[in-house]
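Order of writing sets the labels: A, B and C. Residues in every chain begin at 1.
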């Protein structure tokens, strides 16, 4: 019995109320995001195929599942899913961050990092960056359709909005920065979600998960970046 | 060699602490880090100042009593315990910053000494196999596959030092927890209590105020016994299975 | 005793009680009555323990809750006992000075644990383990105790495996064994080089389970400073909460000491920094007998001292001697040279030279002494270290001999050596900074284990009612020398199987009369402890506790170490008396007693070490024979081998506290005859 008063033994612990359960939620929502960004990136690449294909794809998304689903039904299901996932993901991230802050109330005067990647240590900032980006991105492309170059929202022609947007260099810079943040987040996030789900029980599986982190990060961020860069240099134009 | 030491001094758990600077001469490179502190203490006592309190017992890297954050690294720059760290890892004229483990569940008792009883309570909550004395079957009646037994052994070497917590930016004890879960979970004898064990131990871990793990990996690189990160994956997996089984 | 009259009823003895004719320690002690184990079993040796377990009374489970047991120590002996007695339903209070029970020094044991399982079908049996242990102890242990130890050894392995101790296994999944310590059968169970750690974690976890169940209450960072004895019965302890400094009393129906060994009386040893004799010594001062205190085991393969700063020594497994060759330079002037530059003809492979048939594999004590002689001659290697001389001057001496793997590397290849000894060689490199694959390793003997300890009878009871002693803290099973891998066995045997079966016989008479803090004897003990602490804090002299401990260590090592002589021991006793005065008048303890104060902790321990050191020297002085770990230069064969004197010394020397020697007190010697019925006494020989 130590003389400092410490917490007693807890009774009736539940798996669902543990930090690991929060982590499982994060991993699940994170994987959903990965699936989404992969799909989204693939869609964006259609911009290389020209205005028609791209707009057709955007239209296709809206009529997907018809007549089973109403117009835009699939999109709404996805949106609700993403929104719920976002709330869960961000909510868990906040809960874990607060726990962590409480667990180390006094900081070290000197602290070195030896075993961790830059990406793993910047998950929280990266997440916030992405969140801000998403808000802006949605204002930009779906909710308000802000067109910073000429104010033309493009109506039913998302291709135009896209090209106009990235014709504006500072917009491209914002997007590229966001992609860098996303790359970092995914680099650690991919590995982390596999580790959290318990799929990395050996050195080899862990190495594979780390490799997957690199692949996902490069493919997603690289794939996304192609479109703005191409617009900027004129490969894609109206 | 001659060193400048910046050391955390704190009278007791309730007191405010502060870093103090000391100059120490005559340090030999064959000294262990703790012998270097012994030398400092001898000098302090001679000068009428209270010696620096720090924990150590076996001084051969096995009991887990020693701690210390040395220049921002748990147990210092080598993969070993502080008691097995030697001064040849430093050079003449170095400034060395020495701090206690920092974590809410490891409150400072004095100077560099912290209270790690939280680890005992985590074990109390389920870190065992219930086998009353005298009730054991003949040892060879239950063979244990060699690879599993090896894995169990490799992680059973955890010395409960707390370096993983000290190094983790989240103040999480997941490596310690994972090591015990993996050790007991790999053995046939550990199966009956496997799912309740992980739930109870994680519950106690959280209750003590340790942070959650975000798979940063500082813990494993600070661990003097080189417990690998896969024990945390195993821990997560076991908890997930327990969740599925309704615990 | 006349021929034909039997000492033990119904049994045929193989020896007669010895009669001591020499009296080297005359004037240093008083002779007390002979001592007889009041609970010695009789009957055929193989049935003694079974019969005893059956005869000992049981305690009704409902009554167990009302019985309080204090256990000091959480090593294998104390941890296992706390777990087992907790499971049985007693109220256990467990104490240790570390911050967790898991850190008791049992954790440091490397080699393994013996058990007569005969899994290898190589002819092992309970009797063989018993025989090897008695012989290994140089016929200075009690045969009934040792037989019981061998008997329960198999249950230990079953118990540990059930708890999840990850012993080494073969490919088929069954347990692996190796041979250890020069024994011809493979009966040592091991978990790589960390057997002690794994066994202790097993016991610790079993104990923590009882803490959760509420049967065991755990007091970490609590140090026992005194024993409370009321009406001749041990009824509690006085302990200091090392965090707050509070001095507390804890009362119980029975007290168990499992506080480990006192090797740190030598300052440098392979024991943990905190290992101490206080618990045992305080009990001794309260009347418990201290048995064979001079029996210490010195291990030949430790990493040598690198300078005056050295705080402890590290053991390297003995197995290194299987492939390494031990040598020193022939010429003292070569000692400073790089060993690789010393040609073959200038090297002295002294063990191979002196003991051609055993070579580097001679027993521990021989190898240790030979290394000492080489260094005494000035042929030691490694850094020269200042050593105090009898005349008060100091001298620079090199304390180390080479353990060379060059030939082994030629024979097995570097990979072969690496595979066999990797972690040991790594540890060596970490500590010394030298690469053993390139430069010969340096080794030197160090104090490692003490066979002496508090006297107990067959039931592990000391001579104070209600005080039981287990593990390394008692003297019981290893005689004058302990075989490798059998201390772990003894600790767990005592803790899991023996004590729980013998303590119930005592507790069947309980619960004893209730006692509380207001009892005058409790108060008196508490006051005495408070006074002692206050005195230590108030001396405010000029010397650090550490420096006094170092000085004691060098006296002990010089005169009561590997080789002991009448002259040296007498000198040592005088020096220790002086040192005691110095301590009590000139020590300096800073800080406050009302908080964590490591200097104060140390001062308490060193004060007792000084008193113990004196008794060890007196015991060594009295025992004018060489047996096991005790080598008296006056008692050796022509070839310099140990010579036992069964006719004079086949007894246990149990010492009673006779008062402070500075006030004229002298310890009182009680002899317990060692009578063998199942084994015949033989002289050890290496021919």
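Assume contacts are C-beta pairs under 8 Å (C-beta built on N, C-alpha and C of every residue); 3 or more make two chains touch, one makes a residue touch a chain.
What you see is a predicted model; the values in this text were computed from it and never measured.
Novice: Where centres are the averaged C-alpha coordinates, which chain has the largest centre distance to chain B?
Specialist: Computed centres place A farthest from chain B.
Novice: What chain is most central when centres are computed from CA atoms?
Specialist: Going by the distance between chain centres and the overall C-alpha centre, it is B.
Novice: Using Cα averages as centroids, what's the distance between chain A and chain B in whole Å?
Specialist: 35
Novice: Counting only Cα atoms for the centres, state how far chain A is from chain C in Å.
Specialist: 62
Novice: Please tell me the distance, in whole Å, between the geometric centres of chain B and chain C computed from their C-alpha atoms.
Specialist: Roughly 28 Å, centre to centre.
Novice: At which residue positions does chain B touch at least two other chains?
Specialist: Residues 13, 109, 115, 117, 124-125 of chain B each touch two or more of the other chains.
Novice: Which positions in chain A are in touch with at least two other chains?
Specialist: Answer for chain A, listing residues that touch two or more other chains: 2, 4, 9.
Novice: If you look at chain C, which of its residues touch at least two other chains?
Specialist: Expected reply: 99, 212, 218, 220, 243.
Novice: Provide the residue numbers of chain A that touch chain B in the complex, in ascending order.
Specialist: Residues 2, 4, 6-7, 9-10, 13-24, 96, 99-100, 102-117, 120-121, 123, 188, 191-192, 195-203, 205-206.
Novice: In their complex, what parts of chain B are in touch with chain C?
Specialist: Those residues of chain B that touch chain C are 11-13, 28-32, 34-35, 38-39, 41-42, 45-46, 48-51, 53, 55-65, 78, 80, 84, 86, 88, 109-110, 113, 115-117, 119-120, 123-125, 127-140, 142-146, 149, 152-153, 156-157, 159-160, 183-184, 187, 189-190.
Novice: Can you check the complex and tell me which residues of chain C touch chain B?
Specialist: That would be residues 80, 83-84, 87, 98-103, 105, 107-108, 117, 119, 155, 157-164, 166-175, 191-192, 194, 196-198, 201, 204-206, 208-209, 211-212, 218, 220, 243, 270, 272-274, 306-307, 309-312, 314-315, 383, 427, 430-433, 496-497, 500, 544, 546-547, 588, 590-591, 595-599 of chain C.
Novice: Name, in rising order, each residue of chain B that touches chain A in their complex.
Specialist: Per the stated touch rule, the residues are 6, 8, 13, 19, 69, 71-73, 97, 99, 102-105, 107, 109, 115, 117-118, 121, 124-125, 167, 169-172, 198-200, 202-222, 228-230, 232-240, 242-243, 247.
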